[in-house]
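Here chain A shows up in two complexes: once beside chain B, once beside chain C.
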Partner chain A sequence: MIYIKYLNMHIKSLSQYRASLWMMIAGQFFISFFAFAGIYLLFERFGSIDGWTFGEVALCFAVVQTAFAITECFARGFDMFQRMIINGDFDRVLLRPRSTLSQVLGSDFELSRVGRLAQSIFTLWLAASWLETSWSVAKIITLIFMIFSGIFIFTGIFILGATVCFFTVQGLEIINIFTYGGREIAAYPLTIYSKWIMRFFTFIIPFACFNYMPLMFLVGKAGGNDALYMLTPLLGMLFILPCIFVWRFGVRRYLSTGN
Partner chain B sequence: MKPYIALFRMRMIAGMQYRAAAWAGAATQFFWGLIFIMIYSAFYRSSAVEPPMRWNQLATYIWLQQMFLFIVMIWAQDNELLRHVTDGNVAYELCRPYDLFKIWCARLLAFRLSSSFLRFLPILIIAFLLPAQYKMSPPVSLGAAGLFLISLSLGLLIVTAVSMFIYILTIITLSPVGSRLIISVAADFLMGAVIPIPLMPASLQRVLDWFPFRYISDLPFRIYSGSIAGGDALFQMGVQVAWIIGLFMLGRLSFNKVMRRVVIQGG
Partner chain C sequence: MITLANISKTFNVARRAKGAGAAFKSLFRREYNYIKALDGISFHIGEGEIVGYIGPNGAGKSTSIKVMSGILVPDGGECEILGYTPWKDRRKFVGNIGVVFGQRTQLWWDVPIADSFDLLRDIYAIPADAYKRSLDMLADALDLGAFINTPLRQVSLGQRMRAEIAASLLHNPKILFLDEPTIGLDAVSKLAVRQFIKTINAERKLTVILTTHDMNDIEALTNRVILIGKGRILHDGSMAKIKHKFDSYRTLTVTFAPHDAPVHIANADIISWGCERAVYRLDISRTNISAALASLGSELNILDMISESPPVEEIIAGLYKEHGI
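And then the complex of A and B:
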């Protein structure tokens, strides 16, 4: 598959700058590590947040961090898409007989995020052992669904952000609110926020699907609706479909900036 | 001194040109502040014990952090300057009959000030107009406001001195990404940008007192809200001055050392 070839190329080129790469991986590890330390210290001080315990929030945090780290690794090309439009490189993409999505996806790859990923998976493991709930196969599957749901939703947002570049040439900083801001928001169960934030991130951008809804099932707060809450992550994945649709529309409307 | 002041003014004017970017930045930072406030407000709602910061002090701390983000954050760096090192343009700078260390200081100061000038006012106005739950409070007294401004300026000098080390490291490693990331990640936590320092356990706070980072933002913000005042505030501002002198001297020494061995590759 063409994407694997792209990936191989990127890893080879990155490993040419080894010292810098290791520093970046370490740096990414510590960003996530300190963010988690911050949450730990806050629970040390306050005990709980709106009825959620530290273990539950830690799980929430770990899921969103894992999903975001993986998304950033692979969907970096969409994040950096404005460069492609400004340089006129997208014209070349259009000339090739492959889908635009997979080419842009393959245009960049951020290996340094494995540092963050390592920390997230470690936290995930810690949080899973802290939770006072018995782990069953259904719960483990739900957890995996949650991570994939997160990856799909964040990739969808990155695609939307890139699509904006077709019309504005420059990327809009506002999209960061939904990517990096989204990662920050979804680190806590959405129920702690104001109603309008919770509604927005349930019905417009479905963060709730990998956040508090399946979490309620995992910690046994679902109150009989187990199957429903278990399946919410799958619903969340559908978010990527309209994003791809909008991207196709954007490609059709694209006018080159020339070069 | 004259050429450096002229350069500073030039970079200030240049930095103030990016108004649209500044508006977008202010909007993003405002949103960011709002999210933090909601998280802390949920923590305060569920707290069994009295937190060490009053709610309005905490809200003010967060808004000040967002308002002066470009003054206090280590990760905010002049990318053009970092590129000068990697693409070799630093060679031209070295040919000029000026002191490169001072040139960089002037540019860094101008970058931080001009970026903040454009952003802080909209956030300030909106933060004061918010409903009581999210609102920012005025400084406790006129004296506190004065001390806050002095101490924030001293903090700006500390951040500039620390930034010089990122540039010096970039000259050695030739890639700005790694050194910048490591220094700013550590600094973020140590200066109270991840969670406000007064909310940390007392033992950790005592450790942070020994690092320069707390004196960049935590001190001025707490002087503003009155949790550090009087003789204590003056003493800690003395510590700020000591750090500025120490860091700039150390920066100068390492800069001279690195510059003696600098190799320009190709052209």
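And then the complex of A and C:
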């Protein structure tokens, strides 16, 4: 697959700057470590939030962090897409006999997010052991679904953000509400927020699909709807389809207006 | 092979007034200027031709290259290249063309050039043996051997341009678009690039479309020039024809035995006068060399003389001026 070849090139490029890479990885590790410490201190003070225990929230947080770190690592090309439009590199993408999505995906790779990923996986392991629930194969599969669902949804948002660049040249900061803001919001089970926020992040951007819904199954609160809650992450993945559709529309617009 | 018929394209460019107030207003309501980048372009280019595409900045050169390479959809007109409509079958079409942008790179900055080539092999899905043949030929003809395993950021501009040209030919395209391939290059590199373009054009019957501001590129490579200005084609034909059309004077430099007073002759201006050497500008629509020499010879003891046509740059500048572009 061509994407692997792109990754290979990025890793070759990065090996030219080894020291700075290690520092960035360490930095990323501590950024998310402190975010997690914040949650820990909060729970030490209040015990539980809206019926969710520390272990449950930690699991939620770890899933979102893991998914977001992986997305930032691999879908960085969409995050940095504005640069590609401004310096004209997107023309080069159009000159190659490959899909625009795969080339933009391959255009950048942020290995330093591995630091964040390492911390997230560590937290995931901690949270899973703190959780007072019995783990089963079904639950582990659901957990993996949740992470993948998160990756698909965050990637979809990054694609939407990149698509905006076709219309304004300068990307809109507003999209960061849904990427970085989304990561913060989805770190807690959505049920703790007011109704409209919960509805927005269920039906418009389906964070709920990898957040509290499957979480209820994991912690045994599903109340008989196990299969339904288990499968919600897969539904969430569908979010990427309209994003790809909008991207295609953006490319067509670019072809007719140039830059 | 390449046929354009009545291609037109208009861009809407947001109008920007001066001042913070106007800038703020433009956030809500924008006014547009409509710029006709292409205003009915038609031409035909056959297989194996080298065509020089010239015109001042903003004339529509890049826009038409973008249309021909399938990355811009025109508002109207027809374009058929190798049996494709470039912007309709983009992904199938682009495998048949190579494009070099002199001001941008398509190679990776931090990895050896050879690795960038390998990635292109994968992107274009070039079969292994065809790739090897292509690479060997290009590395040899462009003399890449000395620096092919060096990261791009460490090579000189001339080496970089040679690598760029090789990169755009690895997949053996039938048409090569060169957008200012000699910009910023030293004399030796310029010559190397020109020589290579000539060779590959002859060997592979590669069709080459070249935009440049360096008239020496044009003179060295091609007889056919398409001049574009304000989105229209102003001239399509040989360089010699343009020259002939604007060939209205000769610069005559004469060296003679010392003579103090300037000698004036009919239908000529004195550009400079020294006591042993003078430069005249001869209006050859009203006189000729022999008449000028006859009248000079009657007053001066001429030791030597040189007659020169106007330089191409000057002709082109005259052409732009005549068309008001």
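FYI, the second predicted complex is superposed on the first by the 254 of 259 C-alpha atoms of A that agree within 3 Å, B and C clash if a C-alpha of one lies under 4 Å from a C-alpha of the other, contacts with A are read in each partner's own complex, and residues count from 1 in each chain.
Criterion: contacts are C-beta pairs under 8 Å (C-beta built on N, C-alpha and C of every residue); 3 or more make two chains touch, one makes a residue touch a chain.
Since this is a predicted model, take the numbers as computed values, not measurements.
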item	value
Chain A as common anchor, with chain B and chain C clashing or fitting	fit
Which superposed partner A:194 touches (first chain B, second chain C, both, neither)	first
Partner chain(s) touched by A:6 [first = chain B, second = chain C, both, neither]	second
Chain B versus chain C as contact partner of A:255, first or second or both or neither	second
Partner chain(s) touched by A:138 [first = chain B, second = chain C, both, neither]	neither
Partner chain in contact with A:41 - chain B first, chain C second, else both or neither	first
Partner chain in contact with A:241 - chain B first, chain C second, else both or neither	neither
Comparison of chain B and chain C by chain A residues contacted	B
Partner chain in contact with A:227 - chain B first, chain C second, else both or neither	neither
Chain B versus chain C - smallest C-alpha distance in the overlay, whole Å	8
Shared chain A surface residues [contacts with chain B and with chain C]	17
Residue ranges of chain C in contact with chain A within the complex	11-12, 63, 66, 69-73, 87, 90-92, 94-95, 97, 99, 101, 104, 106, 108-111, 115-116, 119, 122-125, 151
For the chain A and chain B complex, residues of the former touching the latter	17, 19-24, 26-28, 30-31, 34-35, 37-38, 41-42, 44-51, 172-174, 176-177, 181, 184-185, 188, 192-194, 197
Interfacial residue positions of chain A with respect to chain C in the complex	2, 5-6, 9, 12-13, 16-17, 87-89, 91-92, 94-99, 255-258
In the complex, chain B residues that touch chain A	21, 24-25, 27-28, 31-32, 35, 38-39, 42-49, 51-52, 173, 175, 177-179, 181-182, 185-186, 188-189, 194-195, 199-201, 204
